[in-house]
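Structures incoming, each one as structure tokens.
Common to both upcoming complexes is chain A, partnered first by chain B, then by chain C.
Entry: the complex of A and B
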């Protein structure tokens, strides 16, 4: 196989498009709004024209944080804190392990990690039932 | 080795003391306060006279939830949601992997998982520096 045989699309996919630095500026703006008024945001990476090289560039610039959340519910979701606290790289997988969506969230803690009061109420009722069975 | 050679302490350690059901009632009370006024609480398991059997009983009753948080900072901490949402089983390890403390926390989300505004501010400054280097 010669170089001429390699489809052009592969060359494009591995190149930086210049979109990642724009995204980095948007993330900084989201962080400012989080600090100024507690506003959270999520950027849907699959809705943007990013090449694998763009994503790798972005991921490397954001770096790795200390927290990794794994959530098991009809496929695994991972919520990874980046090196910039308040910025989370969120990946949702289906039951077969394939990535179905990917977001960059700006939040003190992603909403998905918080227990909903209705669910806490159900948990309490379950616990009260357990306790009454002990008597 | 005969049965007579087994130290008595092993027999005690594997028995239920009756303390775990008391703890279960306390957890239910903590959940009520969480729902009523947003008050969080943490029970230090190492400060209580619990046998391994007591812990296993408690863990089994609380069940497993969908969320597991791993935090890497001078040893790993794990924050596991139990089957009762709002109740988290928190284990801190030292750098060698030994358990140094263990808590049952009641919170919508444990405080440790939340990014602190000062750290988010530092992250933003780091990001702004990165962006200015791109120009």
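Entry: the complex of A and C
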């Protein structure tokens, strides 16, 4: 017997609760603050009562932008700019591929994408080592 | 953001971005605002590298080892393992290689060398009946052992509902006279991490806080860390919108159940249960009770097993006949009527192949 034989309808996915449209206003407010004073913000999607359908609705409305960053660190993470520039859809997966956290970030570039000066320093040291090996 | 922790992580091949990602997720699980993730990463990374790792002594009393099972199956072994590597677990019967006299020696050495500084973790309740004879380790009752080890502890963590409130062993009629850690020890800081079992990441969060700040995190009136037990299951439940719309599953196999409606009427204790299951989930973020179609049992609340039935809605009185003494006669008469009505409904359901609800079965 396969799962399809069990007559359970996954109805949650298709039910809109009306909680998603409110979020659009909050994101707009965050974007205004980003423009006015450079303040970044994040909305924790797992902390809100949203059904999968609500998320899908929100994702569709925000649309797809031009940039998609994939981060390989303890499982994959994706940071996608939505159709609204400055609004990023951030999804963190664990090693098994399950979503562990999901955020909507408002920033020019998400913090996670930027390299830390200390890491750049070790990058430089590594590069110098490569160069010294050439001689 | 730099410090000894980042260096240690780098040595193990864990990048800064991995750590930031972990902290963002931990903050989300702890129901903290997203900005707290970065603050936590900075605080943890800046924690001074102790010359000696803090000593942890773990005592098991009247318990089922479910708490240890839960903790050793945390979902992100690489980073969480690292945090556990920052402590020296000097005594843990299930995990330690030593046994018998050697184990006892390890315990007493750890107590002597780290007097006043070690962290004591307790899982299981403490039986007081028959002078504590119901549960003994190395010829000592749990009561004696707890008092002895607690004396030199900096703080105590009561892991799981048994240590926090007495747990299953304390269930009516409590044959062993089980009590919680805080019923016995009154002069030490105690933090309760209830749950049956508790969520692994809560333990990591409390440990991380103790390592970072050298103290226990902020607690609620039941001694639980507010970060994880600050909101009810109901408040953070993905089925909450259905509760607000008045859409309830009435049985476990009706249309509402299939559509994933609210389980309140099937006895879900979410509205009165403070825990982080709705956000953290279980089994590596796979699912959690409500998502798999069963109401919350309320296992992180005191005396959840004596709450009057897992399948009784919260709006139903647990024991209606005892509520008001004067109403007993009326109640009894009504009870007979209800029981007749239910019997009729049960046979009716059988005849018509209707669904019988759990409430019918319990009467």
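Throughout what follows, the second predicted complex is superposed on the first by the 122 of 135 C-alpha atoms of A that agree within 3 Å, B and C clash if a C-alpha of one lies under 4 Å from a C-alpha of the other, contacts with A are read in each partner's own complex, and residues count from 1 in each chain.
Methods note: a contact is a pair of C-beta atoms (placed from the backbone, for glycine too) under 8 Å apart; a residue touches a chain by one contact, two chains touch by 3 or more.
Predicted model only: the values in this text are computed from it and were never measured.
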item	value
Contacts of A:22 with chain B and chain C, given as first, second, both or neither	neither
Contacts of A:42 with chain B and chain C, given as first, second, both or neither	second
Touched partner set for A:61, first chain B, second chain C, both or neither	first
Partner chain in contact with A:71 - chain B first, chain C second, else both or neither	both
Partner chain(s) touched by A:100 [first = chain B, second = chain C, both, neither]	second
Chain B versus chain C as contact partner of A:123, first or second or both or neither	first
Contact residues common to both interfaces of chain A (with chain B and with chain C)	71, 73, 116, 119
Interfacial residue positions of chain C with respect to chain A in the complex	1-2, 6, 14-18, 20-22, 24-25, 27-29, 31, 33-35, 38, 75-76, 78-79, 236-242, 245, 258-260, 279, 284-286
Complex interface listing, chain B residues touching chain A	21, 24-25, 27-28, 31-32, 34-35, 61, 66-73, 81, 83-87, 108-109, 113-117, 119-124, 126-128, 130-131, 134
Chain C partner contacts - residues on chain A that touch it in the complex	7-12, 15, 17-19, 41-44, 46-47, 49-51, 71, 73-74, 77, 92, 94-96, 98-101, 103, 105, 111-112, 116, 118-119
